[in-house]
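One chain, chain A, links the two complexes that follow: it is found with chain B in the first and with chain C in the second.
Let's turn to the complex of A and B:
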């Protein structure tokens, strides 16, 4: 299948998914006990009749449900995610100021966990009964069982309190002199602990997967052929085998994106990282539903985009899929 | 049981007995079972005789071991030992209930999709993908806040966000098994769709499903802990996650009020995971060579 057609289909399908996410949001607000206008305004107290009337007018709450849904979909399609009555700001702008920090955290953690996981997996695969293999096995059980928010707190206690190497929380130091580069270093310094915390849970899965997949690939005929031809072992492992072994890791990496965002939510709360997770936490405690729902929509959109990018990456990494033209 | 299975030769051990024999010889799995049963015992004892975990009993932040408090006290002066004893019950109960719900939904959807194929499969898998797009924890948070936190809503919310993986696994198993000869044979003797699905295919799909169900329990426990940590648990029930959340502002002054409840969660999930791995090995002896 032509790549352009493929991308167009994937985008269309992604838009369909997003349509249903928005519909789900709409349904949830209506299912919640109480007057939708009051649900949207939040349960902060001090909600005036004017605010409620304003909400009823904006969302058309006096009109039939179908019209309400159409109004809501229209708003979201125009990038209007509603207004946060607690923060007194449009939700889209609120999220806009936070989304960068979350993307930075999530991508760094994803990169770290895949990189270290694959390296560990490759070393483990070369000696399936060796020390590294045993370590990978232990690690993957630990990674599955560690509550991510607790891991973060433990890292703070050890590496920010007992050994004050890293900052306790936040993303930037309050007062910092110097040029742009100093600021970049400062953010990176703040990024280490949250990113490592988030990477630990996923690292284990990638290591395990890389190990299994490498062992499988290293047993294949073309590897034996490469060795028989006298290709150096390093080249066999890293050039011939690894390229095929990373394919299942790519698939899983794409599927993990939703979990990664869920994990980031907890990690951000622990480290007071100024991203969408802390925003979600603050707005949920304040019953600020427009913000919470906006974050759910944007979070889902991030997963959809990540899935499309993963599929494209898969097509680039595995030419067979392009020529066969089949969908996985 | 039918006449056929009763007259089967006695010499062959049943698959279940064989799996149990392998499981028993697996040391990590037996360690996991031991840890899990001890935690369960502590939780049951705690919910019967644990006392009131909200009661302020001593000076705040008493270090562990001092003044007769084995685990110390938290930032309000509540006994951590009592909290640890009592706080496991909601975590384990919600974990179990959520896992049961998610397995029920997942197996039903996966079985229907895998068995019928065609447009049913297409529709159900689209729904599954839709749920996989929603960040699970965020979605669970929204559900819990919209419908006010109680053990029932929390279990439901976690169950509703966790099922897609079970559905995919069940579907894959059903797709594989429905082509096998004994399914054709069952159909030939006139078994209906329902009977084939639940009495013929499902029992044969069980081994991987049991392993995945075990791991689902672990994930559900972590979910409950995460929600309680964020303060979205039932506010009237003490839980391990809630203890961590309540004390996290004070971690730089006192490490113990967050460390011990976290260890309890970790040990519980760790033991579940060891059991899951053991079951996996027991059901797939071939995999052990890897």
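Let's turn to the complex of A and C:
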């Protein structure tokens, strides 16, 4: 199948999915207890009936839910996510200020967990009864079982309180002298603990998967062929075997993206990382429905895009499912 | 002439759930330069393990070389440093495997897989290696080599993949080519082509060949000498004609006894039927006892066969069988 057709089809399915995400979330949120108009009125200080009616009219809350949904869908289709109940700002702009931080966190954690996981898995596979193998086994269970906030708080206690190496929270130091590069370093410094916390959850899984996959690949006939050619063992492992062993990891990495984003939401609140997660958390407490909806939609869109990118990566890595057109 | 390959008393053991089993129990083989040695025997008798031992590719653990010697041109390979073995593999000894479908790496282009072998052993540029890979594809009869050099394995048929494997195996003009059931997984028509190709290459390069196969027709046509293996031992060894015409070991007789060698239909097809069925099965290695491993299936077996394992005796045409030894002795007296 041609790659362009393939991507177009995936995008189409992605849009369908997004449509259901919007409808489902809209209905669920409207079913949740609590009247947003009262919340907004509470923020403003007074709660007379006129004020409530006024608010409902302004935000379109007086119309039937179906009509509200139709209007909302229309807006979203035009890229308009509505206006925040809490901030006097469009939701899109609100998310725009936060999305970068979340993407930075998610991609760093994904990169770390895959890289370290694969390295651990490869070493474990070389010596299935060795120390690394045992560590991977213990780690897989722990990494899975430990709640994110616990890991996060432990890391804060150890690496921010006992050994003050890393900052406790946030993404930037308040006062910082120096040029752009200093700021980049500052952000990276803040990034370490949250990214590690998020990576730990997935690291164990990748390590275990890489170990299994590598052990299987190392037993394959083409590995024997490579050895029979006189290929040095290091090259057998890191060239001939690894290229094949990472294929299932790519697949899982794509599937994990949704979990990664919801994990980021928790990690952000633990470390007060100024991304979509903290915004979502605060917005839920404030009953700021448009913002919550916007974050859900953007989150879903991120997962859809990530999955398409993963599939494209997989097609590059595995010639067997690439197009039949031959070399390009 | 000194032998190119001299395997003596090779013992290979495997650690299994049933304890240590002896996969090769004193295997000896000799091969002169340019000669073809056919190796036959039922599944599990140790043909592939012999080949892998010569390559230095027995998986260890669970495997272990428990004794014996493998000399290539006088150089001892058992215990040789891995660096040295790596030099010999692919350069002096090439190997073709049974499974062409899975023996090539699915994520690399076949041309690169051939060129890699050349680059590993010869001091040439990438371009030169690619040019030679192209030549090799032509040599092994891959049609349209200019296109196929950039193909991935899954884009080629089984027969073409086996040709690519052969190209890899001969890429550095080895002195010894080990073909471990090179045609078992292929269509009948393709099988004959692959055998022809191996013979053609042998003529051209003067390479010695160890041909492991179930195809007695191919043995008859190609082999100078034949070794018959049973349960980890060589039970009969000698010139191909002698063994095919007058097999001495009851097992060998069972294997080739009922081949209709002059069936004109088969002769026209240029091949013979596969090995005959012998009643019974090879005993599992962990259940091998004291005596001759074939005794339980041998209709001629006598007491001594179940008590003492017969040694391989006789010069030229050697046989490991008490009955044969007794017959030979009475003939002489």
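Just so we're on the same page, the second predicted complex is superposed on the first by the 281 of 328 C-alpha atoms of A that agree within 3 Å, B and C clash if a C-alpha of one lies under 4 Å from a C-alpha of the other, contacts with A are read in each partner's own complex, and residues count from 1 in each chain.
Everything that follows uses one rule, which is that a contact is a pair of C-beta atoms (placed from the backbone, for glycine too) under 8 Å apart; a residue touches a chain by one contact, two chains touch by 3 or more.
Quick caveat: nothing in here was measured; it's all calculated off a predicted structure.
With the C-alpha superposition on chain A as described, chain C and chain B fit side by side in the combined arrangement.
Of the two partner chains placed by the overlay, only chain B lies in contact with A:149; chain C stays clear of it. Contacts of A:134 after superposition: neither chain B nor chain C is touched.
Applying the stated contact rule after C-alpha superposition, one finds that A:21 touches chain B and leaves chain C untouched. Chain centres taken from Cα atoms put the angle at chain A, between chain B and chain C, at 80 degrees to the nearest 10.
In the superposed pair of complexes, A:284 makes contact with chain B only, with no contact to chain C. In the superposed model, A:262 lies in contact with chain B only, and not with chain C.
Between chain B and chain C, more residues of chain A are touched by B. By the document's definition of touching, neither partner reaches A:316: not chain B, not chain C. Contacts of A:227 after superposition: chain C is touched, whereas chain B is not reached.
By the touch criterion defined above, A:107 lies against neither chain B nor chain C after alignment on the C-alpha atoms of chain A.
In the composite built from the two structures, the nearest CA pair linking chain B and chain C is 11 Å apart. Only residues 129-130, 132-139, 141-143, 145-148, 215, 218, 222, 225-226, 229-232, 241, 244, 248, 251-252, 255, 258-259, 262, 265-266, 269-270, 272-274, 277, 290 of chain B touch chain A when the two sit together in their complex. If you check the complex, the residues on chain C that touch chain A are 55, 57, 82, 86-91, 94-95, 97, 99, 102-108, 116-117, 120-121, 147, 150-152, 154, 165, 168-169.
Listed in rising order, the residues of chain A touching chain C in the complex are 220-222, 224-233, 240, 243-244, 317-320, 326-327. Of all residues in chain A, those touching chain B in their complex are 17, 20-21, 24, 28-29, 31-33, 39, 128, 141-142, 144-150, 153-154, 156-157, 161, 168, 212, 215, 255, 258-259, 261-263, 265-266, 269-270, 280-281, 284-285, 287, 289, 292-293, 295-296, 299-300, 303-304, 307.
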